[in-house]
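Presented below are the structures under discussion, each in the form of structure tokens.
The same subunit A turns up in both complexes below, where it pairs with subunit B and then with subunit C.
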Partner chain A sequence: MTSLLNQIATITALNLRTIPQRGWMSIATVMAVALATLVLLFFLALSNGLSKTVEGSGADDIAIVLREGSNAELNSVVSKDQLNILATGPGLRRRDGAPVVSGELLVIVDGIKRSTGTAANMPFRGISADGISLRKGVTITEGRMFAPGTNEIVVGAGLLREFAGFEFGKSIRLRGSEWTVVGVFEAPGTVFESELWADIAVTQSLFDRPNIFQTMRFALNSAADLATFREWAKADARLKGLEVLSEREFYAKQASQSSGIFMIAAWGLGLTMAVGALAGAMNAMYSSVAARASEIATLRIIGFSGVAAFVGTLIEALILSALGGLVGLILAFVFFHGRTTSTLANSSFTQLVFKFDLSPSLVASAIVFALVIGFLGGLFPGVRAARQRPLLELAG
Partner chain B sequence: MPDLIRLADIDKSYTRGKERIAIFDRLNMHIPAGDFIAVMGPSGSGKTTLLNLLGGADRPDKGTIEFDGKRIDNLKENELARWRAANVGFIFQFYNLMPILTAAQNVELPLMLTNLPAAKRRDNVATALKVVGLEERAKHRPRELSGGQQQRVAIARAIVADPKLLLCDEPTGDLDRATADEILGTLQLLNRQLGKTIIMVTHDAAAAKFAKRTLHLDKGKFDERELAA
Partner chain C sequence: MNELFLVRKNLFRKPVRTVLLLVSILIAFLIYAFMTSLVTSMSDFNTKPTRLITLSKINFTETLPIAHYDKISRMEGVAVATHMNWFGGYYQDPVKGFMPVFAVDPETYFEVYKEDLPLSEEVKAAFFKERTAMLAAEPVARRWGWKVGQKVPLNSNIFTQADGSRVWDFTLVGTIPTPPGSSQTGSVLIHYDYFNETIDIGRDRIGWIPFLSTSAEANDKVIAAIDQRFANSADETRTNDEATFNKSFAAQLGNLALVLALVVGAAFIAILLIVGTTMTLAIRERTKEFGVMKTLGFSSGSILRMVLGESLLLAFLGAALGVLLAVGLLAAAGSMPGAPPLHLATPVLWQSALMAAGLGLVTGVLPALAAYRLSIVDALSRK
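Moving on, here comes the complex of A and B:
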């Protein structure tokens, strides 16, 4: 056993020390694996960042009511009457005797993407006075909150970073009315940072949607009250066709839709490039084995085993591909980890601002991905190395 | 002297494409321990094939090979590799050293197949290099050595694990006369002083003179009178 390990160590050391003689081919292999890893990580980090942001927006003790079957807020309609009935439900948190409720309306306005200068859809949300307290972690960082009943807007810091047109203090014309940006708010790591907020009643009237809401948010006494509230709403015929979700459930559903697309892109493109990298790795390893044919034959005559020749070749391939994976990882961290980006969040057709996020589990997937390329790339060349006959003539 | 090797009724053929080339047909031979044999013969007569069989690098189609009273023709591939490591040293025409390794590292290779601790391996390597007169060149790489010196390193590698049998395929084929004679002198020394049994294939009649006896091989057959002698 010690002998076999000795043999493997000896052959592997020989292989690795002769890599410089096959320099270009080895570098090409490393780069091909690096590139495939980089592409995979790009989309995985995109998907992960997006779902983290969307999921991070949801609390368990806030109920969202919208029309059944409408995945996106835009498709939902809830009437003023229904809002009033819902506000009498059980388990709702009260402040000064009244439930903490926000009926909301989401409309789309135009913004300009700073990086490209092109127009993009911005979510403009009418919220009630309680709307802010129904969202955790929101702080006004510049200016002040909009005053109820006025044409005032507060803008999310994330949106402001990525899109132009809503700078603090600016007056904007939307649907024929004049609005003023009176404040900037932060809500780190949530979808809210990508939104514009204004008073619900003003929004309804100036966007010509009187008494129409799309969603309603209710503060619950605790997460456990969701079920009670949901059952109660279900039993009331006047609330038929409405769906009650916790805020977390609502966003989790959205996250899985949009991040799923990136996930497919990640593995689709990643695996396509992996096939290329695999061909490169296999080619490099075959030529490595060919270049060392006489060395291997000599070692075999001396008494080294075929297994050692196989493992030595495999380890060489694994080391090259691990190196490629590492280069890909480093490039990913340098080029896009933590970088802010925005994309069309597909359920509401508006832009969502979030950060590329390389989690430890993504790093692990990338390493496994690279090693699998190396393993497959070294497998058949390794078998060829092991089959090298220990004949004198060949060694000459 | 008792026999170190006995070949009995050896058949060996190669197939090239559809063609079957018979090399040996019922070859019989025995080699006493301590012998030094030069094998001569025309190209293609089977000299290298014979060395491959004697050294356990290849197996006969039929017949038995005994080494030190034990059969080796029926060993499995990996058993044969282990057997080679313990019992045979090979010396090649073109030395077959690893260019990336120093002389000492090249000589150490066969010891990597043993369980000897590193310190003991170093001692044995130093001894082997001393036997071939190259202790000063331990740290040199093959390309920094002359052909004769490289072949000395190869000889040190062949004897470092202390095998009973040395097989040499044209060991001086690539060397000038004076250097060849030095190498042959070293082989003679190994035979006389350390009792190594040596079988050396050569085309060079002058080289063959260093051996105790010469056998001529032609189309897979030895000269019967020489063999009987």
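Moving on, here comes the complex of A and C:
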């Protein structure tokens, strides 16, 4: 056993020491694996960043009510009567005797994407005075909150970074009336930062949607009250066709819908590139085996086993691919980790600003991905190395 | 024994190596052809230079009053106009059964989208006549097993009927054939009048107004005239030609061109390295052989041509296989229900040829020059 390990160590050392002779080919293998890993990580980091932002927006002690089957806020319609009935429900947190509630209406307005100069869908949300306290982590960092009953807008800092047209102090003409941006708010790592907020009543009247809401938010006494509230709403015939979700459930559902396309791109493109890199790695390893044919043959004659030749080749391939994975990871961290970007979230049909995010589990999948390429790339060349007939090689 | 014969023989003297190189080249061209076609298809399907679209200036999800349609159809430079509404339709399941259902004005819709609707006069007449009639693209009808003449209940994820019901019954009067490249692969068409009378909110409002201009040269003038006419009203408009509208919609997903360039760039750098280093090795292995050939009277020029020919042949073979595979995958992806029409973007063909030529030259030029310069004495004495 010890001797086999010694043999493996000897052959591996021989392989690694001769890498410089095949320098360019080894570099090509490392780079091919690095680029495949980079492409995989690019889309995984997009998907992860998007999910994290959407999921990070949800709390357990906030209930969201929308039209059943509408799947997205934009399609939902809830009437004022239903809002009033819901506000009498059990488990709701009250402030000065009145429930903390916000009936909301989402309309989409155009903004200009700074990086491309093209039009993009911005969520313009009418909220009640309680709307801001119904969202965790929101702080006004510039200017002030909109005054109820006025054409005033506050804008999310994330939206402002990526899109033009809603700068602090600016006047905007929408449906024939002037709106003024009076404040900027921050809510790091949430979808809220990608929104524009205005007074619900003004939004309803100026966008010609009198008494129509799309979603309603209610503060609950505690997360445990959600079930009570939901059961109560289900039992009331006047609230038929409405769906009650916790804010966390609502955003978790949206996250899975939105990030799906990036997961498909990540694994579709990543695996396709992996096949290309694998072909390159196999090629390099076959060449490596061929280049050391006489050395391996000599070792076999003096008693080294085929297994050692096989393992030595495999280890060389694994080291090259691990190096490739590492280079890919470093490039990913340098080029896009933490960078802000935006996409059309398909659940809300509006732009969502988020950051590329490389989590530890993504780093682990990248390393495994690279090692699998190396393992497969070294497998068959390793078998060839083990099966070489020593005397024939030396005679040739 | 001509040069081409030798090139072919040389290329496949180490079949495993050649196949592996072909696979990596194929992958790069597959990614390039597939991704480029995908991005192009998003903005390129069945556009017509004279077809324009008027939408709300606020955003295309905002509606316009129906009066806008009447005004626009009477404007100078407008040949024929129609209007469409998004129904938010689904069949049985809100997610799996989701489909693009449009409430249209039947007669004018068939004029504006004439080329995309190769239907018989009988089917057209049946659709025009019956208010609850519905047309569905063939793939949609096939997927759900709908037969012509059948009643189909469709739900809306937006609208509710006055009686509180969210289900509308339509009669399928025909299917829309969808030849390759058709823009109607997922569409379901219903009557605007029926839709408008039964919905609870947003009555007498329309989603957008597609129309044909009298000529493409008149487009700019018509666009300016329409948008000026509604400027400073509650419902301002934005008018674009179809291609511009599709492009700006695709741009919402992100900077697709940049992502495309990055991914394709990564794939090509990888194969450039792999093929380049392998070709160098393959030619170096044959040094002695070149010495023998030169001794036999092969000119340096003909050896240069043979080496370059080999790398070019390799690149073109790989590119052709990659593009072929892309065509197959596009057809497969495009035939999935709800998928947009997908086909190989024509520029991909000549661009791939150009890129293959570039790849072949770049990877072959150094080994070829080395072989060209080789002196017989050096070649034969090298171990």
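What we mean here is this: the second predicted complex is superposed on the first by the 392 of 396 C-alpha atoms of A that agree within 3 Å, B and C clash if a C-alpha of one lies under 4 Å from a C-alpha of the other, contacts with A are read in each partner's own complex, and residues count from 1 in each chain.
To be clear about the criterion, contacts are C-beta pairs under 8 Å (C-beta built on N, C-alpha and C of every residue); 3 or more make two chains touch, one makes a residue touch a chain.
On a predicted model such as this, the values are computed, not experimentally measured, just so you know.
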{"item": "If touched residues of subunit A are counted for subunit B and for subunit C, the larger one", "value": "C"}
{"item": "Partner chain(s) touched by A:N75 [first = subunit B, second = subunit C, both, neither]", "value": "second"}
{"item": "Subunit B versus subunit C as contact partner of A:V39, first or second or both or neither", "value": "second"}
{"item": "First, second, both or neither for A:R17, with subunit B first and subunit C second", "value": "first"}
{"item": "Which of subunit B and subunit C A:V107 touches, first, second, both or neither", "value": "second"}
{"item": "Subunit C-facing residues of subunit A, complex", "value": "22, 24-25, 27-29, 31-32, 35-36, 38-39, 42, 67, 69-72, 74-75, 77, 107-110, 113, 115-116, 118-121, 174-176, 207-209, 212, 241, 269, 272-273, 275-277, 279-280, 282-284, 286-287, 341-344, 349, 351"}
{"item": "Complex interface listing, subunit C residues touching subunit A", "value": "16-17, 20-21, 23-24, 27-28, 30-31, 35, 57-59, 61-62, 88, 90, 94-95, 155, 157-160, 164, 166, 200-201, 232-236, 248, 251-255, 262-263, 266-267, 269-271, 273-274, 276-278, 280-281"}
{"item": "Complex contact set, residues of subunit B against subunit A", "value": "48, 51-52, 55, 57-58, 77-78, 81-82, 84-86, 90, 92-94, 96, 98, 100-101, 109-110, 112-115, 157, 167, 169"}
{"item": "In the complex, subunit A residues that touch subunit B", "value": "2-3, 6-7, 9-10, 14, 17-18, 294-295, 298-307, 389-393, 395-396"}
